[in-house]
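Just so it is clear, A, B, C, D, E, F, G and H label the chains in written order, and each chain counts residues from 1 on its own.
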Amino acid sequence: MVTETKIHPLVEEYFRIDRMPHLACPGCGIGMVMKYTLMAIDELGIDPQKFTWVTGVGCSSRLPYAVWKGDCIDATHGRPLAMATGIKLARPELTVMVYTGDGDCLSIGGNHFIHACRRNVPITVVMFNNQIYGMTGGQVAPTTPLGYQTQTSPYGNIEEPFDGAKLAAAAGASYACRWTAFQPKRIATSLKKGLTSNGFSYIEVFSPCPTQFGRYALKLGDPVKLAMWTQQNTVDLKKAETMTSEELRSKIIVGEYIDVEKPSLVDRYAELFEKAKRS
Amino acid sequence: MRKEIRLAGFGGQGLILAGTILARAAVLYAGKEAVQRQSYGTEARGGASRSEVIISDETIDYPEVISGRNDILLAMGGAALTRYLKDVKPGGIVIYDPGLILDVPKDVNATFYPIRAASIAEGLGRRIVANMVMVGALTELTGVLPLDAVKKSVETGVKAGTEELNLKAIDAGAAEAKKLVEKA
Amino acid sequence: MMTAADVVKEGVYFVEGDEACAIGAIAAGCRFCSYYPITPVSEIAEAMAIMLPKLDGVAIQMEDEIGSMHAANGAIVAGLKAMTCTSGPGCSVHMDGYGWAIKNEIPVVIIDVQRAGPSNGVATLVGQGDFYQARYGPHGGNSEIIAIAPWNGQETFELIIEAFNLAQIYRCPVMFMMDEVIGHTREKLVVPPMKEIEAGLVDRIRDPGVPPEEYKSFGHLDTPEAISVPFPAAGDGYGLCLSPYTHNEMGYPSTTLKDQDRMARRLIQKVRANRDKLVKFESAFLDDATSVVVSYGCSARSSLTAVKNLRADGMKIGFFRLITLWPFMDKQIYELAEQADIIYVVENNLDGQLSREVQRASSGKAEVIHIGKAGVEMHTPYEVMDAIKQHLSGSSKG
Amino acid sequence: MAKIYINEDYCKGCNLCIHFCPKNVLEPSTRLSKRGFPMPVVAHIENCNACGVCELFCPDFAIVVEKEEAAKK
Amino acid sequence: MMTAADVVKEGVYFVEGDEACAIGAIAAGCRFCSYYPITPVSEIAEAMAIMLPKLDGVAIQMEDEIGSMHAANGAIVAGLKAMTCTSGPGCSVHMDGYGWAIKNEIPVVIIDVQRAGPSNGVATLVGQGDFYQARYGPHGGNSEIIAIAPWNGQETFELIIEAFNLAQIYRCPVMFMMDEVIGHTREKLVVPPMKEIEAGLVDRIRDPGVPPEEYKSFGHLDTPEAISVPFPAAGDGYGLCLSPYTHNEMGYPSTTLKDQDRMARRLIQKVRANRDKLVKFESAFLDDATSVVVSYGCSARSSLTAVKNLRADGMKIGFFRLITLWPFMDKQIYELAEQADIIYVVENNLDGQLSREVQRASSGKAEVIHIGKAGVEMHTPYEVMDAIKQHLSGSSKG
Amino acid sequence: MVTETKIHPLVEEYFRIDRMPHLACPGCGIGMVMKYTLMAIDELGIDPQKFTWVTGVGCSSRLPYAVWKGDCIDATHGRPLAMATGIKLARPELTVMVYTGDGDCLSIGGNHFIHACRRNVPITVVMFNNQIYGMTGGQVAPTTPLGYQTQTSPYGNIEEPFDGAKLAAAAGASYACRWTAFQPKRIATSLKKGLTSNGFSYIEVFSPCPTQFGRYALKLGDPVKLAMWTQQNTVDLKKAETMTSEELRSKIIVGEYIDVEKPSLVDRYAELFEKAKRS
Amino acid sequence: MAKIYINEDYCKGCNLCIHFCPKNVLEPSTRLSKRGFPMPVVAHIENCNACGVCELFCPDFAIVVEKEEAAKK
Amino acid sequence: MRKEIRLAGFGGQGLILAGTILARAAVLYAGKEAVQRQSYGTEARGGASRSEVIISDETIDYPEVISGRNDILLAMGGAALTRYLKDVKPGGIVIYDPGLILDVPKDVNATFYPIRAASIAEGLGRRIVANMVMVGALTELTGVLPLDAVKKSVETGVKAGTEELNLKAIDAGAAEAKKLVEKA
């Protein structure tokens, strides 16, 4: 049997063919989530010309950049949320999607992150948590679990990691969840929620990084083994609440952390404009 | 005498290590000067990879291979060969793995040495040491360094526990090269 | 709906330079202003916060200056005329976003109301120590920017409009270099009818004149000197590609020397090749001058009084004020140096910034003397006069 | 019967498709693609139920699964 | 307890410049290193993260570069020798902390492994575009800093030790300007015995020699040129006062011209007045040279080969390499310009940075030609030679 | 009756007399909390020479700076926590206290804040929340309640405020609380907890600012009226949990948000040093 | 009887001491200090119970309350 | 003719507004040029405050009061008077509130005018308008501007609703000044 070649229909429809194949390593979770994202866009019938894909610096930012057929706006490291805030306020009719990494979003970009949550800027953020710095070669991230070896924690990481979804909720995001890249349906549902909602939606995805996280932290460079490890170490939020922090140390907690309705920053500006004109 | 060596192929083939082994052999065990540089993939891991070594008896100012002055090209992939052949100096040496590279250009003013490094390495039980097979062959074919110095460099420069295997690969490469030269 | 004319009303005002700046920005078409409060520039932000919402424009206090810079860049990407305003300490925070704007040819206007430094220095008092930072603050080189500096409230109003125009024409960030004296001094401001102002406004060309499939985000790389290059907005349907990486003409990241070289040449040449069109200055008493006082911003006000006084004393001294700070007007300064024996550079810092550039551009044709002051107070005219007299007596003695 | 297309220009040989296929339709091979990656092969197409899982999890948009009807056209 | 000698072992190594830098820093006594990963400098951080904890030293990856800069400042305040390492994009983030360090005379060593810019540019490839930023990146002026640049691994090791020494002596931040080629090239490194190294180390004077009640944080304001000024640490009992504000001699915030002026003079003069002691350079083939190639860092390696080749062709050309980049060696360059007809400045940027300073310092005494390259690749010697030949044929024609 | 003059004994003991009176406006809460702080230091018998007072930029930073007799380290705006991290790690025997403002800590300094919490750097942070930018003349803060007028929200603030104590807890602080300046005992207790604890202690104080917050936001420039308003609008955390967000809009929630024991960053470094030496 | 010291160099006339005194010991006045602030006065020292509340809340370290015993010494 | 005016006292006395009223009167209602600058308290609110006004028939280059050239000093506090008196030009004018300033230096080459602005303002019911009393007095005493222009400036330059009170204060100040001059 001969396998024929066929360009994936989502690629044909939404990507710049000349920029494919994309740049991820074999088995990297980012590519998976990109597929789920295109599926959500496709299902929702979003006009790609009105869909601005904003990114930062890191693998998860580099992958969709200039691959997405529509507007691709790549900010400097850590700044996509500040830039997305400007874009969304300047042209509220655009659907703004941000792809960012755990370092981009929670380390250098942490301040923009909590403020974008607080302001409830109506954009959808997918945060790729690979628990490491992928692009720069495997340094520790603010999400790396305690004890893990990385290139800058050669004796094991000594800093407790952030829970990004918890932080988002505490900072004011109207929606925050976490899934693993191996939960396509959950991600798709959250993406659709985010893309159609009127608030700041934070979708964190544990994204397997065989090259850096697998290699340095788990000593599991093989994508299949890493996939198995991921699935074995996934714990539901409900269940996690019954577990000790010691038990949860290297677990990936998945679930929805918050899901509320409240006026977005765009709504509030609209009100403000009316008020200003009257005074 | 300045010798400019380029090792090129895919990521994961261990070319950076190969270059480093050569260069540190020169510096630490052969009383020569050497520098080593490499490409840093901004492409997907598994993409192109390149390592450069300059060996000289004098201080090395300019640390890179100069187009048209590349003395030795070690190619472990077709794309790499195509890309870098033009930099090889007239009469230079090209060592390649015919198991990985099927089309070798003709009418080029250079001596081509085919070394089946990958399959020799497989024969030793681990394809991963194809790089050391090539280092052994290169050393033998070019005489740029004494084989002894290279072996010492291997002993102290590879991951602990892998010394023996790597040394075997060096020997196998050197032997294969000898055969080749004798044949010629 | 309110229009700009409802907000920027014709008439004579008596306002701070900061307010003149805000009014001018609104008149220029600015509809997005991001900022983080800082003395002596908060008054601009506060005025924008009052005026902008009336025009459906966004005034937003971001979490910090780096957020402000990037939000402004974002708003421009999405099609608005935008600015951010801060002082030196804020500039030292936002360099990363400024560099992104330079590389992506973003027509952002950045206001720096200079104060005494280094570091926080004296928040409420004057300094002119950001001259080099405006040009060289971001890393990496391979670029030019535009910087202009007003010397009074009226000119602040007029030049901020010009700043927005230049930004559009050159697709380049424009640094608007005020100082505490200019920002905080209340002066007369004459605002012409909005119609008249609008006639002079330059708008960004959003339509690239090619179908979307043929559009290239940096299709102009091979014509580095090109100006008025189209810049569609996100959502206009052209698939913009903007990133912090070295780009090819599509805007795709590239690691080749060829693309790096083309991009660098573009970023440099669009400004340098048009330098003669760009540079603005003002001079007085040059005709027979054997020495010249060179200055900008508030220091030029002290200098002009000093020159007038020295002229009254019979000295053949001229006055030259830079309006364009960057690109540096090498040619004009060289000509000055050829004419004059001595150039006195009056600037409100002690390390000598403008004076170094003047020295460079003079190529040894004139003696260049730095008349500095550490900040906190502007030079008095008498200080300038004394420094000149002292130099002359010293050099005649020597 | 479904049809499986593997795009060798995109495939990076991660083997996730093989791992996730519930029907063991796919198998690893030692054949390298032009870019140097080992290619999976469709070994037991007869077992394929066109569930699309392989396509869903492929990080590289390298697999397309066509249901019989579609494939016939 | 482990000692430095257990970590920095005498011997011959074959290592990257980045690693040589880390080993040198440990040898210099650095016991705190804060960083944020970035290519091409992460290798320094990674090496520090391995070595420092063995000596109870802290290697910490901060949340970003501004955090790193301030953490390093804090560690120094508390008594350690500390450094932070980054590349251009990180420098554009940490300017605010750099300015604080300058103003408070903090002996912090800042490593910048330069890469191609502007903005992110090409992360893994070379550039030399941060020359001016190192000096003028922070706002406010009124200061000087020290910047030095190595050109190979061995010198990296030796100069980083010198960088720490200079920082202590001048109580001044020292910028250590590497570039991707220097950082990523593996070369021979000879490490002498730690005893020998230690003999050459300068430690900060913690005891101010006065009782705590009499101690003034900036008691040296009236002796601006003073070096080896004591600097007690927090916890030493002297009641340190350090702030971002203009200070009087006590370290109290001040808004007076007098204090502003004294502080500015101190910050400038401690470096300028000692310039002759400070500046370092290397030259070759100058004796009969009628033209000279001036360069630094990796570009100097291409230049030296080029000069040797041109000499072999019979050209009377010299070679001059700056080791100290800032304060700028005006005198040495002026002397070069007096001797030579032409100065070729080879640097890895296209806008011309070092060449502008050379032009300024030359005062028209020599023609100054910028031989630039946009980055991504270093100049080949042949490019340098071709540019020189082309210029000569052009100028002889012209 | 004639009132005689007497320098306050805490001033004599702990302050630089030549820098008094301090620079606050009449009725400013910062001065009150400075007094409570000195009382805590005094009670605990802390050696002032080993007590480093780190500040940022803003009124609350400017007031103790160079007034405290010991070491006064004033960082740039937003950076005191990064600097304090360096100080504490370099010399763990020092007691490090940070005074910061709502803008300094939660706006420009937000990233350092969440990371200092996460790392559990063992320092005590007093965050003066005056719900406005005091020093720069009354601009909106990320803590200004919705609707309030300030110099940069002339039509009323449209951004929801942060709850700093909640954020601290979510980010990993081992202790976080909020009080008003009119609760000296609560503050004293928290200060003592913080200064003797082995973790990151976040003590937020609602600090009345008659000059900017009173004037612009409440139109209550009089310190006494502002004091009354504050006390009337203080709500206990327990009670607040039963109230709607609408009801809580301009209320000041007071209480302890988190109080847990866990290893500090200094502890973890000590472990790391041992491990590194062994390997 | 307790003794109340008001430091006129420090006092900024905020009146918080007056407001918080549970015994109405203190009263406002129109007399300005050298720095231009209206000074509180101790009007009813006889009512003072030396509770120290005025001192505690004074933002300017301007009040010192001395208990009788201490005051006597 | 360039006139340099300095107003100095405490924060909260409204000196900035007073200066602005004068300067805008010059620009908007008297066809003159004027600039106004002020100090920004880094001291506690309630500390020192200063406002400067330059009025001229020509363009004003240098916008600040020059030591020794201060034509008119308006002092509303002792510290301010002491600090700024030395800048007053020989024969200059000093206007002060004797209710606030008890010690007035002797042997100074300047004309001193005492105006009880604070108590006059209290008489009008609001101490806060002492600043406008002073503006009225200054206008009357120095003739630097027509009183009419100043009053127009007040009408358009003070907070809505306070125009009347402020205008009354101007008049009261002018009247007091007239009395003073007549007395002399």
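Here, a contact is a pair of C-beta atoms (placed from the backbone, for glycine too) under 8 Å apart; a residue touches a chain by one contact, two chains touch by 3 or more.
Note that the structure is predicted; figures quoted are calculated from it, not measured.
J.: Need the most distant chain from chain E, centre defined as the mean of C-alpha atoms.
T.: Centre of mass proxy via C-alpha means gives G as farthest from chain E.
J.: Based on C-beta pairs in contact, work out which chain pair has the most and send it over.
T.: Looking at every pair of chains, the most contacts join C-E.
J.: What is the distance in Å between the mean C-alpha positions of chain A and chain D?
T.: The separation of the two C-alpha centroids amounts to 27 Å.
J.: In angstrom, rounded to a whole number, how far apart do the mean CA points of chain D and chain F lie?
T.: Chain centroid spacing, chain D to chain F, equals 59 Å.
J.: Could you put a whole-Å number on the gap between the CA centroids of chain A and chain H?
T.: That pair's centroid distance is 62 Å.
J.: Could you work out how far the Cα centre of chain C sits from that of chain H, in whole Å?
T.: A distance of 36 Å separates the two centres.
J.: Can you tell me which residues of chain F touch two or more of the remaining chains?
T.: If we look for residues of chain F contacting two or more partner chains, we find 21, 24-26, 57, 76-77, 107-108, 110-111, 115, 142, 155, 269, 272, 275-276.
J.: Where in chain E do residues touch two or more other chains at once?
T.: 39, 50, 53, 63-64, 66, 89, 93, 96, 99-100, 119-120, 122, 124, 243-245, 253, 255
J.: In chain B, which residues are in touch with two or more of the other chains?
T.: Expected reply: 42, 44, 46.
J.: Please give the residue numbers of chain A that touch chain C in the complex, ascending.
T.: Against chain C, the touching part of chain A is residues 16, 19, 49-50, 52, 54, 57, 62, 65-66, 69-77, 79, 82-91, 93-94, 111-112, 115, 269, 272-273, 275-277.
J.: Would you pull the chain D residues touching chain A in the complex into a rising list?
T.: Listed in rising order, the residues of chain D that touch chain A are 3-10, 12-16, 18-20, 37, 41-42, 45, 55-64, 66.
J.: Across the complex, what residues on chain A touch chain D?
T.: Going by the criterion above, the answer is residues 1, 3-11, 15, 20-22, 24-32, 35, 182, 184, 210, 223-224, 227-228.
J.: Touching residues of chain B toward chain E in the complex: what are they?
T.: Residues of chain B touching chain E: 20, 23-24, 27-28, 33-40, 42, 60-64, 66-67.
J.: Can you tell me which positions in chain E touch chain C when the two form their complex?
T.: Going by the criterion above, the answer is residues 66, 87-89, 91-93, 95-96, 98-100, 102-104, 112, 114, 116-122, 124-125, 127-133, 135-144, 243-246, 254-257, 260-261, 263-265, 267-268, 349-351, 353, 356-357, 359-360, 362-365, 373-377.
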